[in-house]
Structures are given as C-alpha cells and as structure tokens.
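One chain, chain A, links the two complexes that follow: it is found with chain B in the first and with chain C in the second.
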Partner chain A sequence: MRDVAVVGFAQRQMLEFDGSPTCVELLVPLFEECYAQTGWTRRDVGFWCSGSSDYLAGRSFSFVQAVDAIGVIPPVNESHVEMDLAWAMYEAWLKIQTGEVDTALVYAFGKSSAGTLRRTLSMQLEPYTMTPLWPDTVSLAGLQARAGIDAGLWDEAAMAQVVQRSLTDAEGNDHAVRSGGSSVEALLAKPMYADPLRKHDCAPVTDGAAAIVLAAGDRARGVRDRPAWISGLSHFIDPMSMGTRDLTRSASAARAAAGVDLTGVEVAELHAPFSHQELVLRRELGLGGDVRVNPSGGALAGNPMFSAGGIRIGEAATRIWSGEVDKALGHATSGPALQQNLLCVLDADAFGKVA
Partner chain B sequence: MSRTLSAPVTVAFDYTRSTGPVLGRFFTGLRDGVVVGGRTASGRVVVPPPEFDPETHQAITDFVEVADTGVVTSWTWVPEPVAGQPLDRPFAFVLVTLDGADASFLHALDVGSPDEVSTGMRVRVRWAGERVGAITDIGCFEPEARGFVTGARAPSSTAGATSPTAEPVTGIVTPVSLDYVYAASPEETAFYRGLEQGRILGQRCPTCHKVYVPPRSACPTDGTPTTDEVELSESGTVTTFCVVNVPFLGQRITPPYVSAYVLLDGADIAFLHLILDCPAEDVHMGMRVKAVWRPREEWGTTIENISHFAPTGEPDADYDTYKQHL
Partner chain C sequence: MGKQPAAVVGVGQTHHRAKREDVSMAGLCREAIDRALEDAQLTLDDIDAIVVGKAPDLFEGVMMPELFLAESLGAAGKPLLRVHTAGSVGGSTAIVAASLVQAGVHERVLTIAYEKQSESNAMWALSVPVPFSMPVHAGAGGYFAPHVRSYIRRSGAPTHIGAIVAAKDRNNALRNPYAHLRNPDTTVESVLASQMLWDPIRYDETCPSSDGACALVIVSEDVAASSPNPAWIHGTVMRSEATTAAERDQVNPQASRDAAAALWKQAGITNPIEEIDAAEIYVPFSWFEPMWLESLGFAEEGAGWQLTESGATAMDGKIPVNCSGGVLSSNPIGASGMLRFAEAALQVRGAAGEHQVDGARKALGHAYGGGSQFFAMWVVGADKPA
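Right after this comes the complex of A and B.
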C-alpha cells in the first residue's frame, strides 16, 4: 500500500445557491483555494474525480458541464461517481494505489434546493416496491427514529442533546447554514414536525460544493508539514428494503468499523443527517465518551447533498493539519436510513498504519 | 432581483421495467388481491419477496400467501405529503408485518392524526379500486377495526378480483415526474437578458482569448472564469448539420427540417439552431447564414427570440475559417 494523505480541502455551504445546477461558478473558486493550499496548478493534478447526481440537478450528464471548471486542454484523467464526495475520494485513493498517479483532486456539488429534496431522493430507492410510493427521506428517517425509541435505545431528549451540542458547535463554523444550540428544554418545547422528528432533528436542505486534494508520499510531504495520512478506509452497504433491516442498528457501519483501527481516535466527524443517526453510529463504531463528535456541527448544521460526507473527511483532516489531534475519523453515509457507510481514518503518522 | 434568471421545469418519464419471476409473482398476487411473500432458507417469510436469499444467495422460489392484515412495527407522521405519495392529505408511513410474514414492509396508513397511530396497532390492506399489478394496488392500510370484516382474508371477497387464468404480471410502468426551479448561471443570464434586447452576447476567456456563446461560467479549455463581454455578429457559418426526418414527442416543426451548428462571426464555439427559408437539401457546410428574429413584441429572455437562421446568399466560407470547429 502507498501512503496517501489528504492535503487540501475547500467547501461552500448555503441554504440556496443562486446559480446553475452544474455549480461551475461555485467550483472555480474552490479549485483556486485548493491550488493556493497546495501551491500546485491544475497540471499537477494526476486524477480528477467528482460526485454529484443528475436527479438533483434535474438535467442529464450534469457532471460533464462541471468539468468546465477544471479545464481540459491538455486532456485530463477524469472520472465521476453518482455518489457523495467521500466515494469519489475512495475512487481517487484507489487510483493512487495503482501507482498510475500520485495526486488527485476530488470534488462534488449539488443544488438541493432546485427541486423538493426529500422527494427527489426517492429516486435512490428500490424502484419496484418503494419508489412508486415516493417515501421521502424525512419519513424513512422517522421510521428509524421511532424504531429506536420503541426499543428503548434512545428518546427525544437524547436526540435533542445531539442537536443542542451540534448547533452550539456550529456557532464556531463559518460554513454552517444553521447554528445556535439553545437548550435541550427549549428544543423539546418545539412542535413535532414528522412525528417523532422535529425540524431541528433533520439536516437543513443545503446547496453547496466541496473539494479534497489527495497526494502520495513525498508529494504530500511537499504540501504540508502534517499531512492527514489515510490509515484506514472501509465501506459497506446494508439491504435497501427497510423491513429486512434492524433499523435501530447499522450493520454496515459496524462492519466498516471492524475493517479499520479506531483506537486512539480523538475526533470523529460523523455524517448523520438526522439526530438519532449520530446515536446509531456512535454505538456501531464503538466510540467512547472521550471521542469528540462533530466539532464542526455536523450535518445538522449543513448538509449539502453529495458533498456533506466528504466534508466530514475534510473537517477531520484540518484538525490533523493544525496539530489539534493526531488521529481523526471521517464518516460518510448514503441511501435511506444509514444504508451505506464509509469510514476514513486519518493519522498524523504515515507509517505502518495501512493494513 | 435575483442574480440569475430562473424558470420552473418538470422532468418526467415513464420507466418501463420487467419484473422477473419473483417480483412478477408478487405483483401478480397484488393484481389478484393476494399478498405473496417469499420464504428464505432460514424459514423467514419476507414481503415483498426478495429475489435472492440474503444469506444463501440462492434464488427465492418458495412463495407463500400471507394475510392482508397485520401489525404496525414502526411509523412516522407525514404532515406535508409530496406528489406521488399514496395519500394527498397528512398520513402515516408505516412498517407493517402482515400476519403470516416475519418481516415488515413499507406502505401508507390512512389516519387523520398522529394520535390515531401507534406501534403494535392492527391494520388491514385497503385495495385500490383498479388493480394493475403494482405496489400501488395496495392503496394504503387502514386501522383494522375500521374494516367491515376483521381477521378474515378471503381473496374471493375482494372487489374486482381478476380471474386466476389471467396472464401473470411480467412488467410494470413507473411514472416519474420531478419539478425543479431551473436557474441559469450568471453568464447564461447575461446572454438571455441580451437576447431580450436583440443582442447576442458571448464572453472571452482572459487566458486563451476564446469567445464562447452562449457564455459559460468557466473556459472548458483552461478552467478560467470567462469575464469580458463580447457582442457577436448575427451572421455566421454552418459548420455541421443534420436533416431531421424523424418525428418525436414535443416536436414543433414538421420534418424534414435542418438543425445546424452555426459558428457566429467572432465566436470560437458553434451553437445549435434551425436553418429554414431554403430546401433542406440545400443546406451544406460552409453556408453563410443570418439570424431571423421574431417580431420585437414577442421577445423574451429566450433563444426563441431568434426564430431561425436563413441563408444570406453570400459565397460559402473558406474551409480554413471553420475547420477548427468541427
């Protein structure tokens, strides 16, 4: 295995992006930030990979137009996943492992506000017995939240505590679109929305984009004194149907955790678009009370579709770069009710950690 | 005023899917008023039947009829239903384990308020008035007590049950229709606002000096944002074209007609428009054409302000002037 590190990260989050669904205007300044962080030009990038969704954009091949922001003369080595930034990063990591390239810039974008997000996302469900009923994202999460409440695994107060901590932490994050934790009591006094969920239990509809830069070995050392080395990367998936999964658990998250070494993780950025999902993940990943979860505020403070998972990895990386921690976890999810889960363990120490 | 122009747009398509033997069996059952599950190797009865056993990975071949009554295992309230959901008024999505099944499945429950639903409550299928062999043949669930027969399942009693000799269901049609507010980029917005004034605007890349029309947010060659506005001539050269002979849904002009790439004088990229006012067979590469505008009172922020391009009668452009743009 080659040592590969996260060496660059840029993001934008907003409630409503006043621009095109291909987000080219949004991507250009993100790439400029990545070039400024690395000292590279676009010709130093060995591989490009993007994450986005045509259903979100409401137009076909929307990722092809986004390539304008790269510039393709001379031709570039480029790929796309209809997935979150985190999975685009996974593809880029694999590409670097092949030895074909040493560097990669991965990016993702999505204008969630162009349609009705919770409805649009029905398009990622099983198309025979689920999509025709148009179960929206909030409803599917509500079924999961109820299952845990009924099983006695969490209650509304525990969910409100997650919200209170996340939105308080978000006050320190300039990128957050929602912040201000108030108190657990005040949150519980808010009306029910999609019983058992209150609006603050659900991530806000968010537009945005993000980019992550990867580099191998000395290319990474050339960019940063403390690159965030990827010491573990693992992802698994659960069945799509809701009825055959134990919704109070996330078997795929537990399986992903078993594939990496989480001992010594100081900070975990968990992609939990609904408050109870953080509780599910904490349990499945076996995170102790000493692990600081979502100091950025997490997805409850801003959840740009197709970027938000990768942003968790970027946020984790910045805490390695700054010297604040030596080991951090970034997590990304996709699909209904935590169906798919990816873990990326970042380490200040490059050597002997990748299995 | 918003920075950019926007307009509503609906993207709709009917997906036609074959069902295969397992889901086909399930949908055939629904059409005939019976819920069919599949038995896995471990003996669990799962509804809808999975195509493959999640543990052994063997194809599911053991089908079991289950009741159309069952128990709610989880629920959530839907205060603001979205288009396409089983009910157009507030309702509950529920996971229901039918009597005779060991796993729950997702559907809607018709109750008036969250106070009327609880985990563990008994519910029964309310069949759709007309059944076609689709998941929506189950219109929704309703509290069991509300039904006129409780605890009994009799397919013969379901209104409109199809004869068992009817053909099995082998395919479904799933309409998808998504509504968006489509926004143009700031550069495209400038282009459309220019058209409203009878001008064709492009932008020049400050790095490679290429002129793009319609303008793009970044130069695809080098990734630089295009900045300098350029007003283009309304005359240009046909670089390539096709004669449209095939009728299609939404077509506005009777075939045959010509759709062509026109390289406007001063631009470095061709754009697509119609060539009319001459026989289709006369259109050729290198032909000089000019924009024909609609009457000014019909102009809006749309490319349709230009009705079409028509031949100017000038001699053909020299091949070297457009060979880079093919």
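Right after this comes the complex of A and C.
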C-alpha cells in the first residue's frame, strides 16, 4: 500500500445557509482554503470526489452543479458518492492506491434546513413497510436509547455526561453551532423531546460543507511537516431492519475496529449524532478511558449532513498536524441507528501497513 | 505496489421491461446478481465488498436505497459503497469496483447497478423545480435536441443518419434475449415515418424507460486464473466538466475528448478503429452514435456520420457498435452504463451469444451523463494487459 496522508481540511457549519441547496457558494471558499493550505492550484489535484444527497436537496442530480465550483477548463478526473464525505474520501484513497494519481480533493455538502430533516430521513427506510409509517430519525434514536437503558447499559445521566463534555469542548470550536457546558444536573432538568432523548441529546440540524485533501508520499511531505498518515481505513454495513438487529450494539463498527489497529489512539472523533450513540461506539471500538473523545465537541455541536462524518476525520487530522497527538481516530456513520460505520486511523508516522 | 491486474469473470443482467411488476427493487437486483455469481462460479460468501450504482434516488422514491437493500444485496457484514454520477453512473460504479481490486484492497468484488423507473415517474423526477435556477421542463430529449441540430449543421450530415442508427440497434436487440424493445420490422423508412418528438429526434430514435439491473464480478489476477474466459481490464477513465460555461462545446465536449485520449493511452491503443473489435457506446438518442464516434477518435471530426452511413458500425462492420441493441433498446438509466461495460466484457469473453462479434479481443464500454458532461469508459481485452 502507498502511504497516503490527510494534508488539508476546511469546513463550514451553520444553522442555516441562506443559499442554494447545491451549496456551490459554500464550496468555492472551502476550495480556496484548501489551496491556501497546500500551496496548490486546482491543476495539482489529481482526483476529485464528492458526497451529497439528492433527497436533502429535494431534487435530482444535486451534485452536478457543485462541480461548477471546481471550475471549467480543463475537465477533471471526478466522481461522486451518495454518501458522507468520509466515503468520498475512501474512493479517493482507492484511486491514489491504484497509482493513477498522487493527490485528491474530496468535498461534501448538505442543506439540512431546506426541509424537515427528521422527516426527510424517513425516506431512507424500507419503503414498503416502514416509510409509510413515517418513523422519524429522532424517534428511532429514542427507541435505540431506550433499548440501552432497559438493558442496563447506560442511563440518562451517562447520556447527559456525554452532552456536558461535548458542549463544553465545543466552546473552543469556532465552527460549532451549539456549545456551552452547564452541568449534568441542569441538563437532566431539561424537558424530554423524544423520551428518553432531550433536545441536547440530539445533534442540531445543521447546514454546511467540508473538504479534505489527500496526498501520497512526498507530495504529502511537501505540504506539511507532520502529515496525518492514513494507517488504517475500514468500513462495513449492517442490515437496516430495526427488528432483527440488537440496537444496543453496532456490529459494523466492531467489524471495522477489527480491521484497523486502534492501539495507542490518543484522540477519537466519533460521529455520534445522538449522545447514547457515543456510548455504543466507545464499547464497540473498545476505547479505553484514556482516549479523549470528540475534543471538537463532535456531532452534538454541529452535524452538517453528508459532511459531518468526514469532518471527524479532518478534526482528527488537525491534531496530528499540530503535534498535539501522534495517533488519532476519525469515525463516520450513516443510516439509521449506526447502520454503517467507517474508521480512519491517522498516524504521525508513515509506515505503509494499511490492509 | 502499483496497480494490480483485474478482470471481469461474471456478468449478469435482468430482462429489461417498462414495468417489472413481478419483482421488488431487491428482487430485480438479485436477478442480475445471481446470474453474475453463477457465471463467475462464486457465491455471495466469496464476495469481499459490494459497490452499488444508480441514478437519482427520486426515480424510485427512496433516499439512499442501498441502506435498506444492504441485506438483500448480500452486503450485510461487508463494505458497501454507493456511487451516483448521473447517466454515467453504471460505468463509474464498475470503475470504482475495479479500483478496489486494482488498489490491492480486495480480491473479489461484486458490483450492481439498477434502476426501477416504474416505481415513480422519471420525467417528473428530472423536472422538480429548483430554487434559484430556471427549470428546463424539457426532459432529456428536449435538452439534447439542440446539440443534435448543432452536430448536423457542423458536419453537414444527411438527416437520415439517425434513422440508420436506430434501425441497426433495434435489429441488433432482436439477437439479445434481455433487451427491452423488440421491434422486428424496424427499417430506416419506418424510423423516418415515426412521430417527430424534439426536432430532429423522432420517436423511434429515442431510448425507452426501463426497469432493469446489471451486475459484474471483478476479481484479482489470482482469482481470475480459475476462470475460463476472464475479461481483463486494460484501462478505465472518468472525466467531468462543469454545467454552466459559455466555452463548453456540448456537441463534442472536452471532457469526452480528454477521457478518450487518456483511455487509449492507458490501454496502449494508438489507432482505435483498427484495434477495438466492438464498441458499446452510450447512445440514448440515435444521433449520439456519430457524435461519440468522432469524440472517441474512431472518426475524424465531422466524419462520424460517414462511418455510420457506410455500415461500418453494423454487426459485421469494421467497428461494430452496440451489438446488444444499446441504450436505444433498453434503458434502466442507473444500469445503462454498466450494461455497456458488461457487453464489452461479454464480447471479449466470447460470451455474447447471438450478438457476438467473431473473434473480438478488445472492446470499449462507454457511458455519459448529465448535460454531456460526465464520462466513464473502459477497455477490456481477452488477453492480460502487457
């Protein structure tokens, strides 16, 4: 395997983006930021890949006009996944591994506020027997949280602790759309939203976009003193059916963890749009108490659909670049109740052992 | 480590119809998957990863349907990717699947592309009003008709060339048991007598709206060693250009020309018309055959129509194009590109049945999408690339 590193990252998270659902206006400045970080122009980018959802935009081919943000001539080597940024990055990583290109810029965008997000996401469900009942995302997450409480795996206080830590950490994140710690007691005093979830247990509906730059070997070393080398990259999916999987577990997350080496991870950015999902993930990934989780505040501080998973990888990378840690984990999820999960392990040392 | 060799060892497709009311989305996909796995002599247990492709989710009314389909596609407990690059998606999906093997990540990858257009109304799904942009309200035919008119003006082509393509592809489809349209009496005259829809595109020069799926099994060199007839991947390419730009040439887009140049170089081909034995080119409206022949380098600019008129693109011609009947005979949009890639593989595997080109050794699979702005192509060969 070739040594490939995350060498650039730019993000925007906001409550409401006052612009087109294609978010072209958001992407142009993000690309400019990536060029500034790398010293590249668009012609230095060997491969482009984006992530987005037509249903979020309420139209077909929503990614098509986003390509306009790249520029016109010459045409680009480009692809798109109807998935989160993290999987767009995976496709770009593959392209670099084939040896066809040495560099890639991946991006994603989503305007969650254009509709009622929790209802829009009901369209993700099994269309013949589930969607007609319109179970929304928050209600499904509530069922998952309740299952864990009933099983004695966590309680409302443990969930509030996740929120308290996340929103306190989010105070140091300029991109957070929700922040400000209080206390576990104060959080537990807030009203129920979808029992046992309170509003702060659910990620805020967030508009936004993000971009990540990848480079191989010396191209990466040319950009940064401490590139964030991808030493592990693994993703799996579970069946969707809520009735046949144990909602207190995430088999695909555990499987992804078995495919990478998490020993020595100092910081983990976990994409947990609901507080209890962080607890599920910590267990499935076997993260010890010494691993710092979501120093950015995580998805509870901002969750722009289709880029929030990739943002976790970008946040993890920045801590390698800065020298703060030597090994970090970025995680992304997709589908209802942690159905699909991706892990990206970032390392200060390149060693070409990705399997 | 460098790029690893990869080959297609399994090809499956559904019978394409306007409405496959006998199967669900999952059933449609499994029909293609099961045929591809049987062809490859593998089972789902042998598969390392699955790559799903389809065009807009609004065509079936399900957001990211691969999530609910994961289990029925056999993806549960495996990595799954979902590609969407507009009309070129079937081709792009096969390329992403190939890259999983070429990157050395997996040994056996299953890729599936589908569209069940009867689940909703494709014309409606393409015409949802969007804030901040003027709706075209034209459908694909209305969008592409001006490009065809421009081609005719630029090349001086006689106006019956499109009818030659339509008659050829509809007759080729009679040899393909999976094809949607089966119109046995199609002639140049009958095409010219059909209703004008979007001048100069007549009814018989347009593709149908189909339900259908296509699946491929793509494997590493070691696994391919046990296949009697692997189709080796000699080159893959994707190129995209922006939608909105005055300098775009939508008749012969630069992204198409760039993609072809990169593809031929990768595949070691210097003279496409001499070296390619069969071409499956994405032709949803008949006139796109001569247009793409030029863009791909099979003919000089302005001379594509002469190749078509001379009969060179017929089954027994110098460069047989769309022996399967092409998009003009079956068009499940999300799968149409993969069907082109699959037919190219069938040709070099000697497995194309009644639409087999004798002795085909190298073939082109081609797809395009959006406003003639997304391109995906591959070259497959009977021999392992040098």
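Just so we're on the same page, the second predicted complex is superposed on the first by the 352 of 355 C-alpha atoms of A that agree within 3 Å, B and C clash if a C-alpha of one lies under 4 Å from a C-alpha of the other, contacts with A are read in each partner's own complex, and residues count from 1 in each chain.
To be clear about the criterion, a residue touches a chain if its C-beta (ideal position, glycine included) is under 8 Å from a C-beta of that chain, and two chains touch if they have at least 3 such contacts.
Just so we're clear, the structure is a prediction, and the values are computed from it rather than from any experiment.
When the two structures are aligned on the shared chain, A:339 is found in touch with chain C, with no touch to chain B. Judged by the touch definition given at the top, the superposed model places A:58 against both chain B and chain C.
When both complexes are overlaid on chain A, the residue A:197 reaches chain B alone and has no touch with chain C.
In the superposed model, A:217 makes contact with neither chain B nor chain C. Once the two complexes are laid over each other on the shared chain, residue contacts for A:251 go to chain C alone; chain B is not touched. Touching of chain A by both chain B and chain C, each in its own complex, is seen for residues 20-21, 55, 58-59, 67-68, 70-73, 120, 123, 127-128, 130-131, 239, 241. The residues of chain A lying in touch with chain B in their complex are 18-22, 24-25, 27-28, 31, 42, 55, 58-59, 67-73, 111, 113-116, 118-120, 122-123, 127-136, 138-147, 150, 192-197, 239, 241-244, 247. Chain B makes touch with chain A in their complex at residues 2-4, 9, 11, 15, 17, 19, 23, 26, 46-48, 50, 54, 73-79, 82-86, 93-95, 97, 103-108, 114, 119, 134-136, 172, 174, 176, 178-188, 216-225.
Residues 1-2, 20-21, 48, 53-55, 58-61, 63-65, 67-68, 70-83, 87, 90-91, 94-95, 97-100, 120-121, 123-128, 130-131, 234-241, 251-252, 255, 334-336, 339-340 of chain A touch chain C in their complex. Those residues of chain C that touch chain A in the complex are listed here as 1-3, 24, 55-65, 67-68, 70-71, 75-86, 92, 96, 99-100, 102-105, 125-126, 128, 130-133, 237-245, 247-248, 253-255, 258-259, 370-371, 373-374.
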